[in-house]
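What follows is a single structure, written as structure tokens, with notes after it.
Letters are used for the chains, namely A, B, C and D, taken in the order the chains are written, and counting of residues starts over at 1 for each.
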Amino acid sequence: MTSTTITPERVESDAPAATQKGQNVPRKEDRRLVQGEGIFVDDVKRHGMGYIHFVRSPYAHAHITSIDVSKAEELPGVYGTLTGEEVASLTEPFFQLAREPASHLQDYALAVGKVRFVGESIVAVVAETRELARDASELVEIEYDPIAPIVDARMAQGDAPVLHDDAGTNVMWEGSFEWGDLDAAFAEADKIIKIDELHFHRFNSTPLETNGALAEFNRGTGQWTIHCNNQFPGFAAIMMGPALRCGIDKLRFVTQDIGGGFGNKITTHPQLVVCCLLARKLRRPVQWTEWRTDFHMSMSHANERWFLDTEVAVKNDGTLLGFRTKALDDTGAWLRYEPLGCIIWSQVAPGMYRWRNIRVDFTQVATNKAPCSPNRGYSRMQHLWFTERVIDIVAHELDLDPVDVRKLNYVRSDEMPYETPNGCVYDSGDYARMLDLGLELVDYANIDARRADAKARGKLLGLGIGSTLDSGTNNFAQSQLINSDLQFSGNNEVATVKLDIFGEIVVTLGTVPQGQGHETPTSQVVSDILGCSVDDVQVRAGHDSYWNSHAGFSGTYASQFAVTGLGAVKGAADLLAAQIKRLGSAVLGAPIEALELAEGSVRIKDNPEVALPFMACGAIINANNAGLPDDLEDVTLNCRYVYKPPFQVPDLERNFGNLTLTYATQIHVAVIEVDPETGYYDIVDYAAVDDCGKRINPRIVEGQVMGATALALGAATWEIYAYDEDGNLLTPNFYDYHVPHALDMPPLKTADIESPSPFTPLGTKGMGEGGGAGIHAICAAVQDALRGNGDAIVADSHNPYHKVWELLEHPAEAGGHVSVVNA
Amino acid sequence: MNVSGERTFAAPRDAVWKVLNDPASMAKTMPGVQSFDIHDAERWTANVKIPLGLGGLKMQIDMNKTEERAPEFAKLQIKGKGVGAMLNMETSFELSDADGGTAMKWAAEVKLAGPVGSMGQRVLQPIVNQQVEHVLSALDREVQAAVAGGA
Amino acid sequence: MEASAPAVSTSRSITVTINGTTYEREVEARKLLIHFIRDDLDLTGSHIGCDTGNCGACSVIVDGTLVKSCMMLAVQADGASIETVEGLADGEELNKLQTAFRSNHALQCGYCTPGMLMSATALLRSNPTPSEGEIKKALQGNICRCTGYWNIFKAVKEASGQ
Amino acid sequence: MLLREVGYARPESLGEAIQLLAADDGARALAGGQTLINVMKARAGSPDALVDLSRIEELRGIELAGDGTLEIGAMTTYSQIMASSEARARPILGEVCAQIADVQVRNRGTIGGNICTSDPTNHLPPLLAALGAEMVIYGAAGERVVAADEFFLGVYMTAVGTGEVLTKIRVPAGRSDGFAAVTLGIEGTCIASAAASINGSVKLALGCVDAVPVVLAPASVAADDVRAAVQAADFFPPSDVHASSEYRTHLAEVLAVRAVAQASEKTKG
């Protein structure tokens, strides 16, 4: 193992430490997980529950001419079925975030009258066993009338068949963003680099646990309990309540352990609605397990995006003045979270660079492929890949060193906080220093010698850099930039900290962790504030909306726990600490200033012998409160705090305003060796440098960096949701959708710096989504390796061996088309 | 996926044409036919179990002759429906006299949809080639039989 | 002359011993071992992460051999002795591997962990002091989407006392 | 994941097995199940009955004859081949088995299952074809022996007929062998593969470029002769998401040269 950490090793929690924050406290979650005692959604069982199996479309685009479920329902052991027609009568179509005309989409939990992608759910069958449910699903008779599918976003306009007659067009959203003075920038330029077409491919994070749910309906109260693994119940509730014609509180979401999410477990509201309807219709609990193939065919693909007719204005020394591009986003068949991706990229509009003049004409179209939804790096990854590609193409065309071009154009640490051309504020960071650390880790000083050595072995060595901004804690007001009618803005998260009757400290979070280990940093923050040990703090596992410790935006997504989650935890713990001191002051007869919280008690600083243990505090307030002074009336020792980041609504006219609170940073450097005979390449050296401000648990942060890197390397080389011209998914399982296995994992060196955020309660920044840097780095490394070997321009984010071979064989056809114009 | 080829039969063109347009003898050329119904000269249906070694793939096949120019050209539309698999195939053949026999140019566009389709992509092409080869040699046998019988 | 062959049946009664407890159940021939373990016996520590035998989350040890329990029928396990993740700890006392996974942050969501632990267990039995290369090869059949694997390699190395 | 209903029987002897397989043409032999069970999960294939060969002792074990011929029971797992001291008589066998999938699959997957599946991406069909192995097939009519070249008939199709079972694989003596592949990820599914063996003459078999291994006999071990042989051969590489037909054709040539080079290295010393 070659993991290097530049910052000094930290002591473990059991060793005495000034604060628990900053320590590598072993995770509280792990004890149950390493014993197989975690509770994941598919582990939840109920007496008499039925198993759901979905009948899915074999066609990418077809009218449904008839559906006959009679044979299925006659099969012994079958409890019942649900069809699109029933859904259409029992529910409202899902609320659309889009403005006209896409706002007219009629999106139901099951296909109604038409199917729009292979794998779309048409009928749900419920039976006594999993096997029977699938047997019965084979007896459902459906007749189709196929329509020509659209599988290429570039063919979605003009006279192409329309997916959604209700919208009358395949264009789901379009808008132009212009900041600065493009004409001046291009006038000032020495050269204009023109790039015909860049393509960011379709994949997602394939969490190892697929989606699922167990739904129960309480006929007496009309309330559903949904045991699931949805990572953003706040969003699911907003979608499901109106659809099911019920209040939000009728939908109780319960999760405990979730087997990874990465954004892919946000948009399960259609499946959850089916579960709810069936639990009510069949008068029994129903269980849904999404199988791996189902997930690949239908769940939350990451946005596929084209960048067309890009023009970059540069000076001869590589100074970047501005760019224009036409972004064409392929969102698949439905808008399940989209078109938010049409604006979220602009959190990082200039990437990490100082250019002030930017124009992006953004168009999002529907195609007959799985719907796109959030995925680690959501929408920013695509845009940052674009800016990184541009940097390396500019360097290539001007024959400059990509390192120099980056350093010349990176936003500088002395410019922080830095306002971007569109009003976002980069809070802190030192990109150039991070790049130096990364280069140092891969021994950049000797790169030429290594290039020569590789050449001697018949290999082509390439070095590539990927820079990523991980914008976190987003301002939901950005939704108004795509639809001014939307009434969302700001952000919030909740935590409740209480001191119970026997002195236990219990924390309830609003977040929905999927492996981030929230129980641990939460305990670290609370123990520092309450002066107790990390082990004294109990954090409830998972999420339950009936704990009343959540808000509208509660969930775990978009890199924000360290800010919103821990911000709420700190707020609640501070409130509790103040109440304990007030109680202590009354009982111990000392002024509050004279008190401190230490060793699980409130005590007098100068005379620690005089102390009131937490157990006594809990007992007094909860069970022995007669004769307490009136001014302690509001002391409950049960403190709920809602953290709200300081946000304004952006200027909708200028598309201008701060869209996220923090900007964590990752810079990756990859060194690869290409076998020119086959296009096969090995990553021989790799460094990931991270800066996410103050780190509460550095090892958890490093884990996020390494994990996100692995996902990126898989996406760069193997992972792709590829469709044939008929809209069949060619990679519906882990055979053809190859994710990195143990042997595929290259040596990984990590380093970090800490640039505390001036805007957050703990100086932390949300992080976890910066791994996209790996994709950028591999693309750059491949292009570098081909230098002097055809000099192909890497124009696609997906570079499997055969693609690299084609770049070597036919650099002109397989590579990107770039031209340089002297301005 | 598109496949095409050319084959020469040691038989006069009308004999070949006859076989190609006789559902009964065509049935004998198709892999894994279990039952076969002739609705009229243009439409036949069959239940087949395409032998795939690991357990056959059951399909109901519906064949329609969509174009015919005797004795040289015909086009067929073939739709197959099985659990988890949908087959759509358009095939055509063109006959011409070759020295001492008949040359047949054939072409087919094969589309396999559904979960099995996705699963099978990896091996679809070799399997199709192999089934086509099977059909053509069976066809050859039928033609020879017809010639022998006819003589 | 051969004795007449055993009857073909779509279900049969099987006996398996899991982590020392013996179970006798009637199962359908088509039921996968993983579904028998999770659904019929309610031992939910072993997981399902794919439907093609790639991910290894369902890895268990059958008669001393590491297998993916989704690639085997329950009826094939008749008479077998099976070890699953639930059998690793001694009461609340975590074993060396479990402890090393915890101290090396070798898990995040924890979904692949049971299978990972069983593969590592099988490795250390046959090769108590594996090299880094041997550890990687031994874990090749277990997909993890959270950690990037390196902390898992470290944990196995540490558990092997190296 | 959820299989169709299927019958199951677990014969104790070869005789019982072939009775069961002959009784129903919808019955399939279940060896290691590492492919068949997957196909059944997808319901892409649904045998009426599975005849589980796992308890038939005659199908296991590896014997090394005096003349160096290896006789490998069809139900021998990859792991057993890797661990077998007899199998080291033909080292390439263990070396290639060690590259198949992962520990769990190697612990259950069998040599017989690998070749009876006859999936173009499998490692052993081209290897055994190059090694000039013979397959021993047992049925009601008794035993028959088929050369590897004739054994593979198509994707998922082999010379093993209804009511028959592959019992043994005979691998002749030799050690100058090579195997090269480009795989989907390290030790992943083969995108293209080539196996070579030198025993006086050169025997070459290409995998993943057609339904069955393409067996060739280059004039010599010289790279140019090997390339010429591949270029002269007629095969039809499929195009799929992992490789174009053109790329596979190219790889066939590159890998053939590498496999032969490996093999000829071993003829020295």
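Here is the rule we go by: a residue touches a chain if its C-beta (ideal position, glycine included) is under 8 Å from a C-beta of that chain, and two chains touch if they have at least 3 such contacts.
Here the structure is a predicted model, which means the values were calculated and not measured.
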From chain A, the most remote chain by mean C-alpha position: B
A-D or B-D - the one linked by more C-beta pairs in contact: B-D
Centre-of-Cα separation between chain D and chain B, whole angstrom: 31
Chain centre separation in whole Å, for chain D relative to chain A (CA means): 43
Centre-to-centre distance between chain B and chain A (centres being mean Cα positions), rounded to whole Å: 50
Between chain C and chain D, centroid-to-centroid distance (C-alpha), Å: 27
Contacts with two or more other chains, residues of chain A listed in rising order: 130-131, 138, 291, 293, 730, 733, 735-736, 740-741, 743
Chain C: positions in contact with at least two other chains: 28, 30-31, 35, 48, 51-52, 137, 140-142
Per-residue multi-chain contacts in chain B, two or more chains: 83-85, 115, 119, 121-122
Complex contact set, residues of chain A against chain C: 1, 3, 24, 26-27, 29-31, 33-40, 42-43, 45, 130-131, 205-210, 257-260, 262, 289, 291-293, 514-517, 699-700, 702-703, 706-711, 733-735, 739-743, 745, 748
Chain B residues touching chain D - in the complex, by the definition given at the top: 51-57, 83-85, 115-116, 119-127, 129-130
Residues of chain D defined as touching chain A within the complex: 1-5, 42-43, 102, 182, 184-189, 191, 240-244, 247, 250-251, 254
Chain D contact footprint on chain C (complex, rising order): 2-10, 12, 28-32, 35, 48, 51-53, 56, 59, 65-68, 70-73, 75-76, 119, 122-123, 137-138, 140-142
In the complex, chain D residues that touch chain C: 1-13, 15-17, 19-20, 23-24, 27, 33-34, 37-38, 40-42, 49-50, 52, 54, 101-105, 107-108, 187
